[in-house]
Amino acid sequence: MSYILEVQSVSRQFGGLIAVNELSFGIESGSIIGLIGPNGAGKTTLFNLITGQIPVSSGNILFENTSVQRLQPYERVKLGLARTFQSTILYNDSTVFENVMRGLYASHPPRWKSYMTGTRSFAEYKNKQEMRANELLDFVNLLPFKNSLAKNLAYGHQKALGIAIGLSSSPKVFMLDEPVAGMNAEETEQISNLIRKINLSGVTILVVEHDMNFVMSLCKNIIVINNGKKIAEGSPTEIQNNPDVISAYLGVEDV
Amino acid sequence: MTESTNIKPFKKIIFLGIILLCLFSIPKVGLSNFWLHLLDMVLINAILALGLNIVLKTGQVSLAHAAFFAVGSYGSAHFTLMLGWPFLGALLASSLTCGAMALILGRLILHLKGVYFILLTFAVNELVFLLAKDLTSITGGNTGITGIKWPHVPFIGVIGNKADFYYLALVVFLIVFFSLYIIYRSPFGRAMDSIRESESLASATGYDPMKIKLIAFFIGACIAGLGGSLFAHFTRYIAPFNFTFWESVNFLIMNIIGGAFSIAGPVIGALVLTPLPEFFREYVLWQQTLYGLVLILFMRFLPDGVVSVFLTFYNFMKRTLIDTFQKRIN
Amino acid sequence: MISASTLTQILINGLTAGSFYVLMALGFTLIFGILRLVNFAHGEFYMIGAFVTYYLISKFTINYFLAIALSTVVVGVIGFAIEKALFAPLRGRELSMLMSALGLQITIQGLMAVWVGVDSYSIAPPFTGIIEFDIFSFPVERIFVVGLTLLVLLLFYLLIKFTMIGKALRAVALDDEAAQMQGIPVNRVYTLAFGLGCSLAAIAGALIGPVFSLHVYMGQAALLKAFIVVILGGLGSIPGAVLGGLILGFGESAFATLLGGLTAEMFGFGLIIFILLLRPSGLFGRPQL
Amino acid sequence: MSSYIFEKLKQFLKSTTFGVLLVTFIMTLGLNASWAQGTNKELKIGFIAALSGPGQSWGLGMLGGLELAADDVNKRGGLKVGNTTYNIKVISYDDKYAGPPAAQAAERLVSQDEVKFIFGPLGSVSMLAIADITESNKVLVFSNSYTVKALNKNKPYTFRLTPTTAENSIPMIAYIAKANPSLKSVVIVSPNDESGKEVQSHNEPGYGKAGIKLLAKEFYERGTQDFVPVLTRLLALKPDIIDLNGSTPNDSGIIIKQARQIGFKGQFVKVGGPGVADAIRVAGDVSNGLYYYSPWDPEESKTKALADRFQVKYNSPMNPLGIFFYEGGNMLFNTIAQVQSLDTDVIRKHLENSKYFDGIQGRYVWGGMETYGNNHQVNAPFFVGQVVNGKEVMRTKINP
C-alpha cells in the first residue's frame, strides 16, 4: 500500500546546528499518526518543513507521489495538505463565522468573472460556502458562537476554531501542531473525539503532541524523533516498551 | 469592512441618489473660486488617499505614495507637453506607468514587513524626490515644469476653470471610490483583510500573500497616478517640492485621521486636512504646533479615526435598541 | 589622480562625519530596539540638545563640558516625561506610536520655531586651531569630537555590558514577554531606554553645534542620516549603528571629495536600497520572522 | 450584556466628546480668522511669502517693510482716489515656501478678499505657481523671486521689486577686482537649486569680464552641513576667491568657517542674495574680509530711521529685503495717488511709462527690456559691503 505523504531523508540546518537530520517516514492514507519526541527534538521544524513554512535543506517530501518540497505553503494547502498552528493563530478581530468563510474562500476561490458579472453562479457559490461554513462550525460545536469575535472565545473554543479553519480547505492530510497543549482532561477528551470524527470522514491525521496519554490513546501508529533523527516507529505498546524511546525521554522528562 | 448595514436596498439607492445630487450641484450654489479651488484639492487629495488606503488594507504602510504621485504628475505633464497626447490618454498612460513601476518595485520590496517596509518605501520616496530635483533635463529641476495645459475632454471640450474641473475631479473620484467599494466587498477584499489580520494563517489556508499584496500595491499606484495627473493639470505647474516624503506622510495622516480601515476614512481625512491651513491662517506662528498636537491627540483618543465615532455611535444605537426591545419582550 | 593628501583628507573627513552619524544613530537604534518605535522626533531631540547647550554657554557662561553634561541630563528628562505621557499609553500599537512620533516631531519643531526663531546660531568651539602637516590639515575641534564620540561609545558599552540597567535593556530587547516573566519592570525599562536615547541625541547636538551651526530645522537632515545608518547597520543593532555610521561617513567623504556633493547624497540612498534588497535586516539586524 | 453596553457607551462618549471638542476648537479658530469682506473705505493689499518654516525671517522682513509703508499712508489720513479716501490694509498669507499653498493663498486673496495688488512671494516655485491666477485676474504682483521665468512679455501684471544678480554681478565683481588686483582665480560654490544655478550663471561672465579665472563650479544639496570634503577638492585647485553664490546666510557661515579650518587663506565673496548677519554669527571672526552684496547701508540716516521703526514695531531687527517692500509699497501708493485710479491696467501702463521712481535710498530705475522683453524689473542702487571685525561696513554704493 502506497503512502499518501512520504518524507524522504529530509534535512534542515539552521546555520551550524542540524534541526532535522536525514529523516524519512511515510503515512498511509486514512491513518492517525502521532509524532512525538522530547523538547527540541525537531518536531515543530519537521512540521514546518512539511507544510512549507520553512524550505528543506535537502531531501524530498512526496504528497500523493508528487514532490512538494519546492511549493509555497498555500500551494500545498491547495493540494490538500492543511495544518493548524501550535499557538492558536486566528483572525482575532473577525467573527467566528468570518474566520471560517475566509478559510473557504482562500481554498476554494470563486471565479473572478462570475463575481464581476454578478451572475447567479456567484450567488450559488456564496450560498454554498455559507452552508459549508455552518456545517464546519456545527462539526466543531461552535455554531452557537458564530457571531462572536474570535478573540473573545475561550481557549478550547479557539483551538476548535483553528481546526475548523484548517478543515475549511477540505484537506486529505490534516496536520495538528499540539492541539491539546494547555487543556484540561475534559477539553482534551473533546478534541480527541473531534479528531477521530475527522479521521472517520476519511482524512489522514498527523498530530504532534507532548501529552503522552492523548497520543497513545488516539494514534494507531507513532513516530518518535530525537535530535532530528527518527529513533522509533510503531504501535503505542511497541513505543512504550522501546528502550531507545525510554532513554531518550528519561533524559528529558518521564513518560 | 464586509459587514452589511440593515438599510433596505431601495432606501440605499435613494440615499445614494440624494448624495450624488448634492455633490454635483455644489458648484451651482455660486461659490467663489477660492472655495472651488479648495474643493478640487479635496477631491484630488481624496483620490490619492484612497490609493494609499488599498495598500494599507493589506497591512503594508507605504511612505512611497508621493513617489507614485510624482511619477503620475510628471508623466502626465510629459505625455501632454512633449508627446502632445490628449488629456485622457495622458491620464490613463500616467496611471499605468505608476502601475508598472509598482509591479517592478513591489516584486522587490513587498516581501518586507512592518517597519522594514516603511523605511524602504521612505528611501524610495527620497530617491525619487532627489531624481526629480537633479534630472533637470527631464523634470525641469527645482523650478519644475510650467505651462501644463488645462485638460481637454472629448465631446466636452477644454475644462478651463475650477468649477468645470470640479466635475472632472468628481467623476474620477467617484469612479475610484466605487471601484474600491466593489473591490473591498469582493472576495479579493476578504483576501486583503485576511492578509492584514494574519499573513501566516492566510497563507496556511490557501491565499498567496505576495500576489494579493502585489495586486493591491498595483491598484494603489494606478490610483496615485490618476491623482497625480489630475493634480498636474489642475495646478498646471509642478515642482519636486510637491512630492517630498512629507507628502506621503500627509496621505498616511489623512487615512489615519479619517479611519484607515473604512473606505470613508481617507475621504473624510482629505475633507478635514485639506482646508485645515485656512483655519490656521490667523495663527501662522502656531499652525505647525497645532497641527502636530491635533495628530498626537488623535492617536491618543481616536486611533481609529473619525469614522470610528460614527461606527461606535451606529453600533451603540443598534445594541441599545435591540436590548431594550428584548427587555420589552421578557 | 588621488594624491596622498587627498586620500588622508578623505579618511579624516570620513572619520569625523562617521562619528557624527554614529552618535545620531546610537540613540535612534536603541529606542527602536527596545520600544519597536521609529522615532521620527529623534532629530528634534538632537536640536534641543544643541540649543540647550547654546543657552547654557551664551546666557549663563557655563563651561562647555559642564554644559554638555547638563543638556544631556535635561533632554534625557524631557524624553523620560514624553515617553510616559505620550508613548506609554500606546504600548504595542506600532502604527499609532509611529504617527505620534511624527506628531511630536512636528510639534517640537513648531514650538522651537516660535520660541527661538529661525535664525542660525553657533557655539564657540572649546578648542580652536588647526594641526597642519604638509599633506593635510585638521581642525582640532574635530579631533575632539572624534575623541568624545569614542568616550561616549565606551561608556555606553560599559553601561550595556556590565550594569543592571544594561542587563534589563538587553533582556527586553531580546524578548519583552520573557523579561516580564523574569520580573523585569518592562514599562520602566521602556521609559528609561527612550530617555537614554534622547540623551544620546542631545550629546550629538551639543558636540556638533560648534562644528556646524544651530537652527530649528537642523534635526531634519540629521534624522535622515540616522535613518540611513540604522537601515544600513540593522534596526536595533548597536554594533550595526557604529559600523553603518562609519561606512556612510567614509563613503560620503570619498564620493564628495572625488565626485562632488550630489553623488554623495545619492550614494547614501543607493546604498540602503541595495542593502535592503540583499539583506533586509541590515548588516547586523536580527532576521525578521 | 449591560456591562458591554456601558463599556460601549463610555468608549462612545469618550470618542465623541473628543471629536466635538476638536471640531469646536477648529471652528473657533476658523471664526476668529478674518473672513473680511471689508468696507469700501479700505484698500486691501495682498501679501504672500513664507511666514513659517526656514524662509520665515525673510517673509516677516518683507511684510514689515510693506506694513510700514502702509502705516505712512494711513497716518497721512489715507489714500485719496477721486473723492473717496482709502485706508491701506495688508492681508498676509503664508505659503510655506511651496507652490500649492502659494496658489491657494493667491486664490483666496483674489477671489475671497478681492485684492487687486499682491506683494511677494519670495520663492521662485511660489512665484510660478501663482502667476496663472494673478495674470488671468489682472492682479498686479510685485514679487521678490529670483527666477528668470518670473518675468516675461506674457506676464504684463507681474513686476519685480528686487534686483537680481543679473543686474548686480558684473558691476560688483568689477569693483572687487579693481580693489584687489591680486585676486586672479575663483571657485564658485552654489546650492543645487534654481537660484543657485542662476546666480552662478550671472557671476561667471562677471568674473570673465574682470579677468578672474574660474577654476571650478561646485553644487551641493540643500541641507548639507559638512562642506569639508567638497572644499578639500576645491582648495586643491588653489583659488584666490571662494564665491559663496546663492548660498543661504547660514550655509555661507558654515562654508567660511570650514574652509578656514582646512587652511583657506584667500578671499570670500557673496554676490547672490542679501543678508550676512547669520553668516557672521555662524562663522565668527573668520568671516572678516568677506565681500558681500548689500541692498542697503544700515548706517545711512534715513535707512537707519526706518530700521529703528521696524525694531520698535516688531522688536526684531529689520532685514535688507524689508527696504525693497517699503520702497515698493510707497511706489505703488504714490502711483495710485498720481493716476487717481485703482484700475490695474492704468497703473501698469503708468509704471511701464515712468522710467524710474525715487525712494529713501535714491533712484530706482525700471529696466529689464533686453532680458525679459518688458521694463518690469527694478534696478536699485546697491552697496558692496565688507565684514570688518564682525561689523558690516559699506565700501561703495553702485547706482543703476
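Per-chain numbering from 1; labels A, B, C and D assigned in written order.
Methods note: contacts are C-beta pairs under 8 Å (C-beta built on N, C-alpha and C of every residue); 3 or more make two chains touch, one makes a residue touch a chain.
In this text, all values refer to a predicted model and were calculated from it rather than measured experimentally.
Peer 1: Between chain A and chain C, how many steps is the shortest route if every step has to go to a touching chain?
Peer 2: Counted as steps through touching chains, the separation is 2.
Peer 1: Leaving out chain B, what pieces does the complex fall into?
Peer 2: Ignoring chain B, components are A | C, D.
Peer 1: Tell me which chain's centre, taken as the mean of its C-alpha atoms, is farthest from chain A.
Peer 2: Computed centres place D farthest from chain A.
Peer 1: Would you mind telling me which chain pair, B-C or A-B, is linked by more contacting C-beta pairs?
Peer 2: Higher contact count goes to B-C.
Peer 1: On a C-alpha centroid basis, what's the spacing between chain A and chain D, in Å?
Peer 2: Taking the average C-alpha coordinate of chain A and of chain D, the gap between them is 71 Å.
Peer 1: Report the inter-centroid distance (CA atoms only) between chain B and chain D in whole Å.
Peer 2: Inter-chain centre distance comes to 35 Å.
Peer 1: Could you grab the centroid distance between chain A and chain B? Build each centroid from C-alpha atoms only and quote it in angstrom.
Peer 2: So the centroids are 41 Å from each other.
Peer 1: Any chance you could list the residues of chain C touching two or more other chains?
Peer 2: Counting only residues that touch two or more other chains, chain C contributes 113, 224, 262, 265.
Peer 1: Show the residues in chain B shared as contacts by 2 or more other chains, in ascending order.
Peer 2: Only 130, 134, 285, 287-288, 290, 294 qualify.
Peer 1: Spell out, as numbers or ranges, the residues of chain D touching 2 or more other chains.
Peer 2: Within chain D, residues 52, 192, 221 contact more than one other chain.
Peer 1: State which pairs of chains touch, listing all of them.
Peer 2: A-B, B-C, B-D, C-D
Peer 1: Using the touch rule from the top, collect the residues of chain A that touch chain B in their complex.
Peer 2: Answer in residue numbers: 51, 53, 72-74, 77-78, 82-83, 85, 89-94, 98, 101-103, 105-107, 109-110, 112, 115, 165-166, 168-169.
Peer 1: Considering only the defined contacts, which chain C positions touch chain D in the complex?
Peer 2: For this pair, the touching residues of chain C are 3, 5-6, 9-10, 13, 16-17, 20, 113, 117-122, 124, 130, 132, 137-139, 141-142, 208, 212-213, 215, 217-218, 220-221, 224, 252-253, 256-258, 260-262, 264-265.
Peer 1: Which part of chain B faces chain A closely enough to touch in the complex?
Peer 2: Answer in residue numbers: 2, 186-187, 190-191, 193-194, 197-198, 200-209.
Peer 1: Give every residue of chain D touching chain C within the complex, in rising order.
Peer 2: Touch residues, chain D against chain C: 52-54, 56-57, 192, 218-221, 223-226, 228-230, 232-233, 236, 249-250, 253-254, 257, 261-263, 277-278, 281-284, 316.
Peer 1: Applying the document's contact rule, which stretches of chain D touch chain B when the two form their complex?
Peer 2: 1-2, 4-5, 8-9, 11-12, 14-16, 18-19, 22, 26, 29-30, 32-34, 51-52, 93-94, 98-101, 103-104, 107-108, 110-112, 124-125, 128-129, 132, 147, 149, 192-194, 197, 221
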